[in-house]
Amino acid sequence: MVKVGIINVTGYAGMELARILSRHPEATIASVTGRSLAGKRLSDVLPHLAGLDMTITEEVTGSVDVVFSALPHQASAQKIASFLGKGVKAVDISADFRLKSLQEYKEWYHADHPCPERLEEAVYGLPELNRKEISSAALVANPGCYPTASILALAPAIKAGIIEPDVIIDAKSGVSGAGQKAELGYLFSEVNENFRAYSVDGHRHMPEIRQGLQAVSAGAKVDVTFMPHLVPMTRGILATCYAKLRPGSVGQGEKAAVDIRDLYNSFYKNERFVQVAGAPPATKQTLGANTCVVYPTLDPRANRLIVISCIDNLVKGAAGQAVQNMNLMFGLEESAGLRQLALYP
Amino acid sequence: MVKVGIINVTGYAGMELARILSRHPEATIASVTGRSLAGKRLSDVLPHLAGLDMTITEEVTGSVDVVFSALPHQASAQKIASFLGKGVKAVDISADFRLKSLQEYKEWYHADHPCPERLEEAVYGLPELNRKEISSAALVANPGCYPTASILALAPAIKAGIIEPDVIIDAKSGVSGAGQKAELGYLFSEVNENFRAYSVDGHRHMPEIRQGLQAVSAGAKVDVTFMPHLVPMTRGILATCYAKLRPGSVGQGEKAAVDIRDLYNSFYKNERFVQVAGAPPATKQTLGANTCVVYPTLDPRANRLIVISCIDNLVKGAAGQAVQNMNLMFGLEESAGLRQLALYP
Amino acid sequence: MVKVGIINVTGYAGMELARILSRHPEATIASVTGRSLAGKRLSDVLPHLAGLDMTITEEVTGSVDVVFSALPHQASAQKIASFLGKGVKAVDISADFRLKSLQEYKEWYHADHPCPERLEEAVYGLPELNRKEISSAALVANPGCYPTASILALAPAIKAGIIEPDVIIDAKSGVSGAGQKAELGYLFSEVNENFRAYSVDGHRHMPEIRQGLQAVSAGAKVDVTFMPHLVPMTRGILATCYAKLRPGSVGQGEKAAVDIRDLYNSFYKNERFVQVAGAPPATKQTLGANTCVVYPTLDPRANRLIVISCIDNLVKGAAGQAVQNMNLMFGLEESAGLRQLALYP
Amino acid sequence: MVKVGIINVTGYAGMELARILSRHPEATIASVTGRSLAGKRLSDVLPHLAGLDMTITEEVTGSVDVVFSALPHQASAQKIASFLGKGVKAVDISADFRLKSLQEYKEWYHADHPCPERLEEAVYGLPELNRKEISSAALVANPGCYPTASILALAPAIKAGIIEPDVIIDAKSGVSGAGQKAELGYLFSEVNENFRAYSVDGHRHMPEIRQGLQAVSAGAKVDVTFMPHLVPMTRGILATCYAKLRPGSVGQGEKAAVDIRDLYNSFYKNERFVQVAGAPPATKQTLGANTCVVYPTLDPRANRLIVISCIDNLVKGAAGQAVQNMNLMFGLEESAGLRQLALYP
């Protein structure tokens, strides 16, 4: 059994890790930490985990094989470095090790990178694109929620070169993506029966998406317009992605749609957690499940590829993907602990 | 492996059965039926069950050990009778075999009982009260959602005789309790940002609750005022139950609350699926889980017992409890297939 | 034109006052205050009031005839006292002047009353019960949202003596009732798809309701069990009230329901803002309107009166009723500025 | 007083017309019709309109100056034609008279145009673009909800020629846009906590938007990719619009954003119902109000104009705009009956 430490179990990603790992057949939760709630019983703080009888501590206690850090960025890298030094593997759910460029990190996170010496060895944890590297990594940077949905939506088309490398990603997220923060803007009365765009002047996930798409673009620079919106729901991301088809890259008329579907089906044919759907998906198809549903289509009038993708932002967009990464890092069955179907309705 | 047939898989209870049973370690879904959608693939109709590769048929096909009927009442009893005759066990999720009195059935369901000859052998499937009878039953009447929450909330107090047998149950349910019916009153625009009572002049679950409470009241007649309300949420029931404490039945002052908690803790101490909570519960603690959370307290100013209980109406209130009953009927571990924790947030 | 000052315009009650008063034909908003947002333009802070071109100041500026205080309790009474001393009338939306007993105030608000010398002159601003006193008052204590819905539901029955003076009020409120507070418990992700009771051990509106009912009970002591619940919606309160009918107080059989309806129709026959409904109401019938809908019925099996009432907690439960009170205090048409119909759906 | 008939008052647009017109200072509702509910009292069917004491009839009764038709397309044109023949003016809320091309009508509505002889005289009722024509029209085609939000967002940029005539409109709507139809897809349990695109292969509002933009494009053909999404909320539309800036059409660097804002401010400077916002808007700023909020910005990295616009789909997107059109047709103050501020929160 892999012994796991969850750092900052009381946030939304942390509690979702606890939920998933508590039912993992080959992992055991050895320690859970939380700052302000240290000393409390986990089942008092998070009654939906009533079966998990543990005490929240300030630091990881006992011996662990891997830590998941759900700390905020900056704090996360520092904490993780100390574990790596002791031979403990780590999955970082914060953004600290995602961007490969120190300069981009500084530009978007407004601070120097807290642990540049570990940046090179960190592997970007999108298993569908980086499975091999993840399998041998000691440090995995778990992707952001929007990047997971966006990169999986566009990677097949970018890699095949069928679209111009200038994409628009109009993304919509449930509110849990903002974390458990006591801010006025996330109050029920402010969000309910309301819809808005946010981070209109630039969101930190844009450079992460761009980096992910550039990694499969065979050198071509990719322009990304990324616009996130807040949906009055708790979980779920839907990304609607637009790009011009390159002239001649797919067949004419009805053939175009067929070619595109074939491309996507082929790209993901061995993937357990990516489903190329035959009909436009809805976020709720993924609620609680580690699935990304991808639906490619085209607007023939404007000669434009449109790809819609859906995930549960806390599962495939955070805790579930983190466990998928752990499974790879420890040579376990990739879907261990992750076979739960979506809850519907 | 127990071979299962799900009759009417396309309703909310039916699809929830498919979700749970598809991950059951000792059962296998052998056949799923649906009327208007017969011939379609289950994963096309219910894309959240994409992993389940089956075709919906009009009738149960092949050999099965047990059928779950999620048909409407009247149709359900008739269908079930045919299976019982062939030695197949049955769990009826409809209301047909719940009420023991033919007269009450007629009064509340406005029709003669469709299968009176099987009524006597039917066991009311509330495992926490009838475990032994369920274990040897061929036909189990799966309780209604409100009765599950209400009876589990009040049975300890009624049985111990600490309250007057005149209870008020003010119950609140998410909309999925109404099933997947295309009626104006359940449209999103009608329910959202809205709250109302319904069936104000009498709800069919009232006699079922009364029967369940009377079964533990040592002969005392129990009066039940039952008032259901529609909450703008999909899943979840919360019942707030009120009754006058009998003079002298519990201690004075602070002792009263302690005595009540002791009574409930003791009553449910061996129950895996009933949790006596130390703080007032919220429905979301049970989302997707087969749990009933019960919180007994009292209003000392009015000398009144108050018990709050929560369930997921589609799990402990329908499909989950049905699987719990199946487990008992086939001598399996009672919690097999039902260990999923609630999804939160 | 009545010149109005709104103290603490940036909370939910304050902004609702601004919305209503900006369209009032005989009042003009002369000054709006707010602490942390002083100096900002109202239309920048509250863009839905884009038409209102005013600057938020720290204190009321210029001359006003009346102030509405939407400050928290304690702070509110102190601020109001200074205006009363200058001959300015006041409507207090806080709880400071609602309870007539200094001792109850201390017990429930955990502090000494901040302005006991003004308490006696304060009139409880429920126009349907205290219209005459309000008309000549300089200081009106605007009722709480739950007390408005509860007292209007039960006053006719209590006054007529048809019920035992031991009532249960099971109340459900939208989240805006908690105000615009950045607390974890009111985050969208915590409230959405969730339902719970709160203040289970006692809510401050209970003594206010009891006082209001006792005022019409002809001296009889009234016991009140009050249980509030949080509904995943923004606006709206629905109270379901239960009490045993006194033997012989209403007719037998079908006559009972008729007698009860006649009593309520007669009690409210001249009231513009109370509607005795012919069918069970839903909160959304009152969204944005200054209406209380009341539906009395009975459970003949348990010989119990049930009254359901609905309001918009921010209108009839706060700002709208405050304007109704102002209209009375200044001899204006009682419905001036308050004729808006509910928004549906 | 203008005497008004509302045809099909029981749908969402019709009941919203009744709400607005019942408070209109210079119009009076003379007759309301409805098919299945004919003979019922309006206040029984729509209790939020309790103040409106009228009987629903099958046909318009008495003499009227104008009819609003909220019938489905096809039925609407036929009904309207009969009134026009009698000298009664008409505002058609259906789509029948919006598209100027009979061929496009047939292509998108799958039927021949029901009244081609009236098509030429029909004026497209977007007052901000067609005020003069509306003022002298007898027949106004009230724009669709998406077209209203989309055309108002993009018209200034298209007219000024600062963008390439190839636009993407990623639109999100509350569920009331679908009308009061008892379809499974609009049930609360299907929509709540869910988000999806729909009409992915083409939506009828696309050609209407294209026609509207082409009308201001100085002859340039405009390509429109239009993708609608369903938001789990009742009211509100937000459209996020993307287009490439034409080289040199606006200033460099920071100057670009300023130029764009100046253009929009100037375009709408005399418009009471279009508000060019200084910050990204949220749909709730428009709830119940006849306002369109427009926020133009740009993505400097991709040299792309982004315009976000919001409306209440039932007010500026339907009934409110219809009344605005009526006001113009009868020479009334354009904002008569439409001064209500948005309800927030």
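Observations, loosely collected:
A, B, C and D are the chain letters, set down in written order, and residue numbers restart from 1 in every chain.
FYI, contacts are C-beta pairs under 8 Å (C-beta built on N, C-alpha and C of every residue); 3 or more make two chains touch, one makes a residue touch a chain.
What you are looking at is a predicted structure, and each value in this text was computed from that prediction instead of being measured.
Remark: among chain pairs A-D and A-C, A-D carries the greater number of C-beta contacts. Looking for a copy of the B-D interface in A-C, B-C or C-D, one arrives at A-C, which has over half of the same contact pairs by residue number.
Most remote chain with respect to chain D, judged by CA-atom centres, is B.
Rounded to a whole number, the gap between the C-alpha centres of chain A and chain D is 38 angstrom. Our note on geometry: chain A versus chain C, Cα centroid distance of 46 Å, whole angstroms.
Chain contacts: chain B has residues 12, 174, 176, 180, 189-190, 192-193, 232-235, 281, 284, 287, 345 touching two or more partner chains.
Those residues of chain D that touch chain A in the shared complex are 166, 168, 170, 172, 174, 189-190, 192-198, 200-201, 223-225, 227, 229, 231-236, 238, 240, 242, 280-284, 287, 295, 297, 299, 301-302, 304, 306, 308, 345.
Across the interface of their complex, chain D is touched by residues 12, 174-176, 180-184, 186-193, 232-234 of chain B. Chain D contributes residues 12, 15, 19, 22-23, 44, 46-51, 176, 180, 192-193, 234-235, 275, 277-279, 281, 284-289, 291, 293, 339-345 to its touches with chain C in the complex.
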